[in-house]
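Single-structure report; data block below.
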Amino acid sequence: MTDASRLISGETVAATTNETSQLARRLKEALTNPGLVAAIPIGLLFVFGFLGPLALVLAFSVMPASSFSLAQAPTFENYAAIFSNSYYISFGISLFLAAATVAILLLVCYPLAVALVRVFGKKGALLTLLITAPLFVADNLRLTGWMLFFVKGGVLSGTLAYFGVEMDSILYTMGATLFGLVYIYLPFMLFPMVLGVSMVPPQVREAAFDLGATRFQILKEIDIPLAMPGILMGALMCFILTAGAITEAKVMGGTAVVTIAQDIQKEFTFAQNWPRGSALSVVMILLAGGLSLALLKRIDLDTIFGRK
Amino acid sequence: MTATSPADIRRPILQLRGVDKLFNDFPAVDRINLDIHEGEFFTIVGPSGSGKTTMVRMLVGMDKPTNGDILLRGKRINDLPANKRPTCMVFQSLALFPHRSVGQNIEFPLKIRGVSAEERKARAMELMAQLRLPESYYRKSVMQCSGGERQRVALARALAFDPDILFFDEPLSALDYRLRKLLEKELKDIHRATGKTFVYITHSLEEAMVMSDRIGVMNKGRFVQIGTPREIYGSPQTRFVSEFMGEVNVIDVSRREDGTVVDMLTGSAYATPSVAGAFETGTLVVRPEDMRFLADGAEADNRLSGVICNEYLLGSRVQYQVRVGEARILLVEKLRDQNPEGDSDGAVTIGWNSKDSMLFPANRLQG
Amino acid sequence: MNDFSRTARYLYGSLVALLLLFMYLPMLTIALASLSRSKYFRFPIPAWSTNWYSEVFQSLSIRDFFWTSLIIAVLVALVSTVLAFFGALAFARYRWKGRKLYQKLLLLPILFPQAVLGLALLLWFTALGIETSWRSAVFAHVVWIAPITTLVIAIPVYGFDPSVEEAAYDLGATRWQVMREVTLPLLAPGILSGFVSAFLLSWANFPLSMFSTGADQTIPEWISAKVQSGYTPQVPAVGTLMMAGAGLILAAGYTAAAFQSHRRRRLVAEGH
C-alpha cells in the first residue's frame, strides 16, 4: 500500500519495525491518520479557546468571593450564594424566554421550511439565502431598527396615528423582548429545519399517501420523524442561544427584563466578583453543555450536513 | 402460459380512455386507450423517457391526467387521490420508511386504517412468512436489510394494504442478475397465489417475458404493441418492438419496381415475407438466433458468404460477427457446442429463411 | 401529491413574502432613520437630510472603529478559513476513529451563549496576562467563527468524490500536488463561501467584541454604546453603510457562485 492510498482511505498503518516502542508506534499511527492530522489545528483552538477558558471559569467558581487569584482554598460559598440570592428570577426569565422563543419558532419555521423546500424548488435556495442574510448584520443594529419601529412616535405608532389610532409603545416589556428574540434567532431555526425537511425523500411520502395515509398522518408518521434531526438541531441551538441572550433584553426589554447573562456580566464587570460570576457561568455551561451533548447523541451529523 | 389472450374471457378492472399527460405542451403520455383485466399480470415495457412512469403515476393517483378518463371497474377515478384509491404501488426506490422497523413498515397501512395492534402484528407475521422473511426480522431496522429483503418488505407492505391492483415501478432494476431472476419468479408465484391484478413497469422486455400474461410496449408516450409474450416475441409489429427485444440484425432495404427487395447498402436481393400494400423503403429484421451457418448443400431462402471477424461468448450461446461484402456486418448466434462450419481463415456461408425474418415498410414505421 | 394547488402556492408564497418583510423591516427602518434631519426619530419623517452621512464620513473616531472592525474581520476570515478547510476535511472527508466525537465537540462553541463565552475568554486573557486589544478580539472571534466556517465548507466536502483524488494519485501526483491541483480547485467555491461568511460574521459581531477588544472599539460596539448613552442619527447612517457593504459582498459572492455553476453546466452541456 502506498502512502497516497493510505492517506485516501484514512487507514492507519501498523509499524513495520519491532524496535519502535509502543508509544512511538502509536504516535506514528496518529500522525499518518489524515483525519486526525487535519483535525489538529482546530482541535488546538478548541482546547485553548474554549475548553481552557471554561475550565478557568470552573476553577474560579470555587474561589472565595471577590478574589482575583486561583491560589486559595476551594469553597462552595459562591454556589450557596447563588441559591440564597434572587438569581432564580433571572434564571426563570431566561429559561421562560428560551422555551417560548423555541415554541414560537417551531410553529413558524416548519411551514416556512416546507414552503422553501417543496413549493419553491430551485428558487427556495435563493429565498433561504435572503432570509438568513440578516445574520450578517449586527444583532444590535437590527434590534435598534425594531426599537425605532416600535418607539413612541416611531414607524408603528406614527402610521397608526395617521389613521387616527393612538397607541402606547410596546417597548421595554417581556413581550417586546420575546419579539426581539424570535426575530434574531429565526434564521438559526429555519436553516437546520430546511436541511431537515429536505432530508425527507419525496417517494417515501408518496408511498405513505399511496398506502392510504391522510396528509395529517403523513405529517405525523413520516414528515416530522424524518425531519427530526434538523428540527432538534434548530431547537437546541435556539434554546441555548436565547437562554444566554443579553442584547435583545437590553434593547427591547430595557430595565423591565433582566436575564441571567446580564447578571453574569454584572458580576464580572461592575461588581468585580469573578468567583460569583464564574459560579453563575458554570450553571449556564452545564445547561448548554448538558443539553447539547444529550441531544447531539441522538443526531447523526452526517445525515444532516451530508445529504446529496 | 395461457395460449389465448384473456381479453375475451375476463372483465376489465382498469380502463384508460384517451388519456394524455402534457408537460409544457409535451405529451409524456399521448392519447392512450387501454383495458387491464381482472387478475392479470400486465407489464408495461419501454425505454427510459417512453412515458411508462408518468403513466403509472396517473394510474395510482400521484398525478392527474391532462385529458381523458381513467375508469376503475367502470367508475371514473381521475380525481380520486392516491390515498383514497384501492390501488398501491411498489416504488423503484422501494420508499421504505427508514425510521421504522420491518414490522412497522408492513403494518403501516393497517395502522392508518386503525386496525388493532394484535391484529396488525398477526397479519404482518403472516405476510412475512408468505414472503419468507424470518420472524426475527419483525423488529429489525429496514436500513439493516439486504437488497432482496427490502424488496420483500416493500411487497409485504403493499400486500398488507390489500389493494385491488398492485403496481410495480421497476422495483428490481437495482438488484444483481441472479437475485433479480429469483425475485421475478417469486413475484409470479405471488401473483398466482393472491389472484390480484398486477401492473408491472420495466425497461427490460426479458423481465416482462418471464412474468406477464400480457405486455404493452410503449414508445414516445404511446403503446406500439399490446399482446401476450408469445405474440410480442413471435410477431413484433414494428421495427421498434423487434429491436427493443435485444440485439437484432437490422437491414435497410428498398423495393424495386419488379417487387424484389434489395439491400440498400450492398445491393443484394433478399427473399422476404410478403407485406400488404406498396412501399419504397423499409427495414428487414432478422434475429441472430434465426441466422444459421450453412454447410455445403444446406438449404436456406437467403444465402450470403462472409468472414467471421469477432466471436463473443454469451453463456450457453456464442455470437459471431460476420462481415458480408465490404460494409455489412451481421450477427449470428448458435449453441456453444456447435462449431461454425467454415474454413480455417474464417470464411463462412450464412443464411436464413424468409419466414424467420420481419419486414417493416418505412411508411408504416413507428418509433 | 407534490403538485401544490394554486391556493396552497399562493398561501405559501404570501407566507414567505411576509417573512421577508419581517426580516428586512428593521433594516428599512434604519435606512429611513438615517435620512431624518432632526436628531430624534419621528415617523412620518418631517424633514429629510443626508447630513448625518457627511458627519459620519468626517468623524475620525468612526474611521478608527471602521479600520479596527475591518482588520479584525479580515484576519478572522483568513485564520478561520485555513483552520476550517482542514477541519472540514476531518469532519466530512476522512473516515477516522474519533470523527463522530470530533463532529460533536466542534459544534459546542457554536451551541454556546456568546456573551458567556466572551466573559470566559476575558477571564482567560486576564489570567494569562494578555492585555485585551483588537488582537485578542481576533482570537475570540475565531473560537466561535472557525467552527461555523468548518460547517460551511463541510457541506461541499460531503459532495466531493474521493475517486477524483485517487485518480490523481494513480496518475503519479504527490500529496501536495493533489491538494493543489485537485482538492483545492474543486472545493474553491465552498472555501470562498466559508471565507465570506467568516468575514461577515466577524464584521457584525457584538457580544464577543464587547468583552475582548479592550480599549479598541469595533463599529457594532460603538453602535451599542451610542444607543445606550445618546442616540444620534449617525447610528442609522453607519448602520445603513454597514448593511449596504454586507449586501454588496453577499451579492457579489452569490453572483460569482451562480456564474461558476452556470459555466460548469455549460461546459458539461458542450462536452456531450
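Labels A, B and C are assigned to the chains in the order they are written; within every chain, residues are numbered from 1.
What we mean here is this: contacts are C-beta pairs under 8 Å (C-beta built on N, C-alpha and C of every residue); 3 or more make two chains touch, one makes a residue touch a chain.
Worth saying up front: this structure is predicted, and the values here are computed from it rather than measured.
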item	value
Chain pair, most C-beta pairs within the contact cut-off	A-C
Maximum centroid distance from chain C, chain identifier (CA atoms)	B
Rounded Å distance, chain A centre to chain B centre (Cα mean)	54
Approximate Å spacing (C-alpha centroids) for the pair chain A, chain C	16
Contacts with 2+ other chains: residues of chain B	62, 81-82
In chain A, residues with contacts to at least two other chains	206, 209
For chain C, residues that touch 2 or more chains besides their own	1
Chain A to chain B touching residues, read off their complex	201, 203-204, 206-214, 217, 221-222, 225-226
Interfacial residue positions of chain C with respect to chain A in the complex	1-2, 4, 8-9, 12-13, 15-16, 19-20, 22-30, 32-33, 40-44, 82-84, 86-87, 89-100, 102-117, 119-124, 127, 139-140, 142-143, 146-147, 150-151, 154-155, 158-159, 162, 165-166, 169, 174-175, 178, 197, 200-201, 203-207, 219-220, 223-224, 227-228, 235-236, 239, 242-243, 246-247, 250, 254
Complex contact set, residues of chain A against chain C	2-5, 7-8, 10, 33-36, 38-43, 45-46, 49-50, 52-54, 56-57, 60, 70, 111-112, 114-116, 118-120, 126-127, 129-131, 133-149, 151, 153-155, 157-159, 162, 183, 186, 202, 205-206, 209, 236-237, 240-241, 243-247, 250-251, 261, 264-265, 268, 274, 277-278, 281, 284-285, 288-289, 292-293, 296-297, 301-302, 305-308
In the complex, chain B residues that touch chain A	60-62, 81-84, 87-89, 91-93, 95-99, 108-109, 112-113, 157-158, 161
